[in-house]
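Chains here go by letter, A, B, C and D, matching the order in which they are written, and residues are numbered from 1 within each.
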Amino acid sequence: MTDTLIKVDLNSSPYENENVHNRWHPDIPMATWVKPGDDFILETYDWTGGYIQNNDSADDVRDVDLSTVHFLSGPIGVKGAEPGDLLVVELLDIGAKEESMWGFNGFFSKTNGGGFLTDHFPSAQKSIWDFEGMFTKSRHVPGVRYAGLIHPGLIGCLPDPSLLSTWNERELGLIATDPDRVPPLANPPYAQTAHMGKLTGDAKAKAAAEGARTVPPREHGGNCDIKDLSRGSKIYFPVYVEGGGLSVGDLHFSQGDGEITFCGAIEMAGWVHMKVSVLKGGMKTYGVKNPLFKPSPITPNYQDYIIFEGISVDESGKQHYLDVNVAYRQACLNAIEYMKKFGYSGAQAYSILGTAPVQGHISGVVDIPNSCATLWLPTEIFDFDINPSAAGPVVQDFGGVSMPLSLDKS
Amino acid sequence: MTDTLIKVDLNSSPYENENVHNRWHPDIPMATWVKPGDDFILETYDWTGGYIQNNDSADDVRDVDLSTVHFLSGPIGVKGAEPGDLLVVELLDIGAKEESMWGFNGFFSKTNGGGFLTDHFPSAQKSIWDFEGMFTKSRHVPGVRYAGLIHPGLIGCLPDPSLLSTWNERELGLIATDPDRVPPLANPPYAQTAHMGKLTGDAKAKAAAEGARTVPPREHGGNCDIKDLSRGSKIYFPVYVEGGGLSVGDLHFSQGDGEITFCGAIEMAGWVHMKVSVLKGGMKTYGVKNPLFKPSPITPNYQDYIIFEGISVDESGKQHYLDVNVAYRQACLNAIEYMKKFGYSGAQAYSILGTAPVQGHISGVVDIPNSCATLWLPTEIFDFDINPSAAGPVVQDFGGVSMPLSLDKS
Amino acid sequence: MTDTLIKVDLNSSPYENENVHNRWHPDIPMATWVKPGDDFILETYDWTGGYIQNNDSADDVRDVDLSTVHFLSGPIGVKGAEPGDLLVVELLDIGAKEESMWGFNGFFSKTNGGGFLTDHFPSAQKSIWDFEGMFTKSRHVPGVRYAGLIHPGLIGCLPDPSLLSTWNERELGLIATDPDRVPPLANPPYAQTAHMGKLTGDAKAKAAAEGARTVPPREHGGNCDIKDLSRGSKIYFPVYVEGGGLSVGDLHFSQGDGEITFCGAIEMAGWVHMKVSVLKGGMKTYGVKNPLFKPSPITPNYQDYIIFEGISVDESGKQHYLDVNVAYRQACLNAIEYMKKFGYSGAQAYSILGTAPVQGHISGVVDIPNSCATLWLPTEIFDFDINPSAAGPVVQDFGGVSMPLSLDKS
Amino acid sequence: MTDTLIKVDLNSSPYENENVHNRWHPDIPMATWVKPGDDFILETYDWTGGYIQNNDSADDVRDVDLSTVHFLSGPIGVKGAEPGDLLVVELLDIGAKEESMWGFNGFFSKTNGGGFLTDHFPSAQKSIWDFEGMFTKSRHVPGVRYAGLIHPGLIGCLPDPSLLSTWNERELGLIATDPDRVPPLANPPYAQTAHMGKLTGDAKAKAAAEGARTVPPREHGGNCDIKDLSRGSKIYFPVYVEGGGLSVGDLHFSQGDGEITFCGAIEMAGWVHMKVSVLKGGMKTYGVKNPLFKPSPITPNYQDYIIFEGISVDESGKQHYLDVNVAYRQACLNAIEYMKKFGYSGAQAYSILGTAPVQGHISGVVDIPNSCATLWLPTEIFDFDINPSAAGPVVQDFGGVSMPLSLDKS
């Protein structure tokens, strides 16, 4: 039986667990050490540490303090891993905690995080997704069921002081260009809600003041939210500190490319069974700056799609120059408009795009002035035929099911 | 035997063929009419109308007049198609012209078109790709062979006057923000090199002066350069004028997501066998603004990839805000760096990314301030093992093969 | 949390568990009842009830009493299911018991069960396979690792008295044609080792004397050993008795088409999470005699194969008439011969064919006098390149690892 | 432009073409010679040499003289290929003749060839399949359209005298066990209708008297009718004579595993673009007795199936011992019964099984006394939803379309 090196108790606060942290800093002590070739299990909280509940109100999504996220399990030290190496991590399996067979998806309020389509969906909304073995379905989003593409939204190694500096400088620099923006351009270090693992006292205070927030993906991996880092994949991480310091969290049962709903994929508490090894000097040998990975041999094999195009002309008709973000947003909006013709609310359609194994492709990026992005919606996830036909769309009877919404407090 | 409704003679100029045009304008007369349910073949020039030659010099890529492109075959009128309908086009098959079993890929000079990585590859370069049945390989890029993912880079229906106006206004507006930029932000109408099909005299002059350039993708489809519009796919195009006015060209034997090399994919002359039908009133019924499509049941089934990540911090270390373009550029550069470790020149690696069935995914787009994009490089296209291993990369002996390069004339 | 309706204790005998049985008979009482729409978990023994051990001796494979198998968990009664209905079973998930993360594969001695290639491998042999999350590998068969294609070898509903009679008559009739054959042509009822679930006393004795052995697949499904009934699949079973009476066991972590090694696939103890519903009158409505099923959307997506052909001329050169068994045996032998060139023993190669997700196709069955069968060996399961090449096969250094063998006792 | 080394004129008899032959014999002179590394095109007749016509009568299927088949193009000599080598053949592409964009499928009369289900379909029937680019559909079998899985039913090298002897001896031996059987157990040499390529006079007469019929697959490949030898695949053939002597014919646009209808797949005239090389001494090096091959990277990617099971109890209820043929026949009959519930005639359903990319798997072959075979019917080929549902099957309105049938002449 594989050892579970880090356990989490969903009934207690992640702040009480010294093998959990929510900032990146080289001083965070290793939670434990392993050897190359070891396989082991780490349990994790959901990214909010249990703040979002399995109920029918979006109040928690509206009110969550985003300075607390993400609660990560680790860091794991790997003996012999040194700066310049690649830490090879095989995700042997990933699952939900047995006592918590559900996940959540939501949209943050525009004033508290927002999302890719926040101008169209400015209020907090939530959907709960139940797990049935390898599948998931929602009482708030009818007519769909997916096979899970389970993956960690966030995984990576500790930065060294120099890399941490680089992060803080460049992100603070960005913030400085528009410091009052809501939502902000980036999240600066924030000591008040920092959880630095085993660190205590002054050492903790110092690290908390400097620790990089976990929100963005960076050179070390981090919060990449790549749906394809799924169980069965094999990842090569740059190593910056002795032992690597691997941490993981923010597990997703399923997600579409882009994680466009931001809150987020189908978020869950769970466990990761992984195996580690070290590729000595691999950063230089292979010219690696960001992680690279090999996909899993077992993923949902959905093959039939409806594909929506978007170009870099925005909703108001404004022309943007080769902007893939604008193009993908249009493709998303086109898909939502299409799904609405079958009886979905816009919010439900948006939620499907955020949670189903939707593909987002950068299809054309040189044909000035328009980029072209495509959104691939798998048709097999629907209980009904969602293809276009001569007969026109059949509006489904979803029995009035809707997604909880919580308006901002005035 | 299926009728070939438009033929092209590769030995004569596309300007002499009245069933060819290189601008979008509602006044271009239909080349011919068909009925819903008809299937037929259209031959096409390569996008440059034969300017680029099968030789070992990149001079033609350097010197090509980009105001002449793209030479399209059409427009085809479909009886009964009216504005507001969807024109359903099945791409039954696509192939190269029998007398022209090769294609080209290249990078434009930064001063004449550029490309996605033009700051890294500022000079004109070219590679020639030979077709061996369903496969292609290049005498300039060794060690790889792909199965073709043949598709039209450009396909769509004629705009109506109102849509044409919208295009011209918004693109001229963009140009006006930086009119002297090289390369320009967009391409305005340009009458001198316009080819308006059967139009002659004043009618031609008027349309040529207004006609939208074919470079960008737009609401009607157009130059989407979506590799997945491959033979066997089924596309739903918005109809704006009586009969639709379907034109096609810019055939690609294979291309990676983004068509990052710009000149372009593996470009070829060829033919398209298609079948058309009409979905009456489909634009409104299905809420369609841009084309949507169903992918082909027959595409290369490459399943093993090395996946490279990129984030929106640029080459100089500058932080950008959720910019997918920057992130994808980093993923591309990471992949090029990796391939160089196996013996490729940067140009060869760039050419592989532009021509192979590489996937580009918008992986994360909400984790401020960094977007995450992934580039999926299929490993099965290589003659050798390109996976990372404990033994390190094996530098291949490619016998000194390189890609032709032509410096800008001083 | 899903209810586990049947639990098994791997440290106690399956004969002590009244929710387990090893014969088919309509009188076996339901272990428990559920309602259509319910999902639940059943734990199961491995097919031998724990007889085969995780060690390096094949003595247990040689000595096992095959009259005891297979130990099934059930029967489950589904309220409202009546004869003539179809019982729809979704395999939501399947896994190994946490305390037993391994499985076994073996060849029976020719005098005690045999196997598809028993004339070539007449002695008992065994290999142990360890599970690493979704993957498996063996200390006895080096150089390979597979993603699991987990499935029940045996699943089906109780027969009614008439169907049971039919089974017994036709199988006893076959035995009567060569009653002294070793191995026998079929297995008759055998009361001594029968385990009839909750039945006791005379009722048990009567049923034990009549109960059909679990070895063959029959109209109700049963021991089909179809690797594609994997987790995520959906099966439609004929119903013969009130409540259906669904039983399941003989879980496999992975298996090749044909289960040619007989002892068997990678055999394991574990659990099945399933969901049931009823399609009223479905046997007649859909003309169903044997079960039908829909495959899982998540299975290992190995795409690269070496495919071996076999025809119905046997090892001695004798011509058989359109005999697929002979043809498939030749394809298997051809594959074994091929793998031996890379350093495997014949037994190891045979074991790979029995355990890996090998496909066996009935390729040609009308071209007198030779059938053609093909065996598809996935290349991605090997740690090394097993493709043919101009350089010839590279014999691997497997460090002398071999498969335990136990000769028959004299 | 690739050279077409053998051309066929569909308006003239194959007997008039000296680069065609219909028997296997080492004395048949090479039609032409090529070098390793060459790629070239061979045109072929359909297997009957044009006997079956594109019309609505099955008389030709009833009356065809099966002693004339199969008309093969070749043999091609490859310089340097010697006995013991492997001839590596890449099928670069395959297509129909431009002037003949259709194919046929049929069932032979039980008295003239029969088929896998001849007891159920004893009379000659025919369906015509039209090609629409990469797809095919039939005016006789409504409701289905497939992407082509184009392949040669027959391809292989010339035998040497010893191998030819072996073939004749073992097949004549089989015939001798029941010489009056209808249909016969095998086909002996038959000089009257033999076409021996360039051979004339006494040499031809001698070879014609000895030449092996082309019907069965044998050690050299031959009439394997493996649907997966499709364009893009790479085959390794044993070489028995100097130069190899590669011949090919019997092209199929599409076929199900087993080619159960015998007459045959979707049979067509066409061309094969292939490339050859030699693996010196490969038969011994790799232990090769029958051909082996690597599948194509481009095949129809149908992923959704209904899977039918069959066991080795025949239609009359008789028990057979581990007989895969009987089991597959039951799976086929089960699939036909199912399709009939949706409005197909039995003959149409049988034709679909013979022509669509149906998979036939040898699922279980050791569970005495029943083998289990599965037939995989792709659902995406149907215009309507053919899955089982609570609502029951919807009988389609096929407008009375039926398959031509021609009774035996009395």
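Things to note:
Methods note: contacts are C-beta pairs under 8 Å (C-beta built on N, C-alpha and C of every residue); 3 or more make two chains touch, one makes a residue touch a chain.
Note that the coordinates shown come from a computational prediction; the quantities given were computed from them, not determined experimentally.
Any chain that touches chain A and also touches chain D is listed here: B, C. The greatest centre-to-centre gap from chain C, using C-alpha centroids, is found for B. Centroids of chain B and chain C (each the mean of its C-alpha atoms) stand 51 Å apart.
Averaging C-alpha coordinates per chain places the centre of chain C 32 Å away from that of chain D.
Taking each chain's centre as the mean of its C-alpha atoms, chain B lies 40 Å from chain D. Shown for chain A are the residues that touch two or more other chains, namely 301-302, 304, 380. Chain A makes touch with chain D in their complex at residues 301-304, 380, 385. Contacts from chain C toward chain D in the complex involve residues 86, 115-116, 166, 170-171, 173-174, 183-187, 215-219, 221, 223-228, 236, 257-262, 264, 279, 282, 285-295, 304-311, 313, 317-319, 321-325, 328, 330-331, 334, 337-338, 340-341, 359-374, 376, 387-388, 390, 392-393. Residues 1-2, 39, 91-93, 98-99, 101, 132-135, 147, 231-232, 273, 275, 296-302, 380 of chain D touch chain B in their complex.
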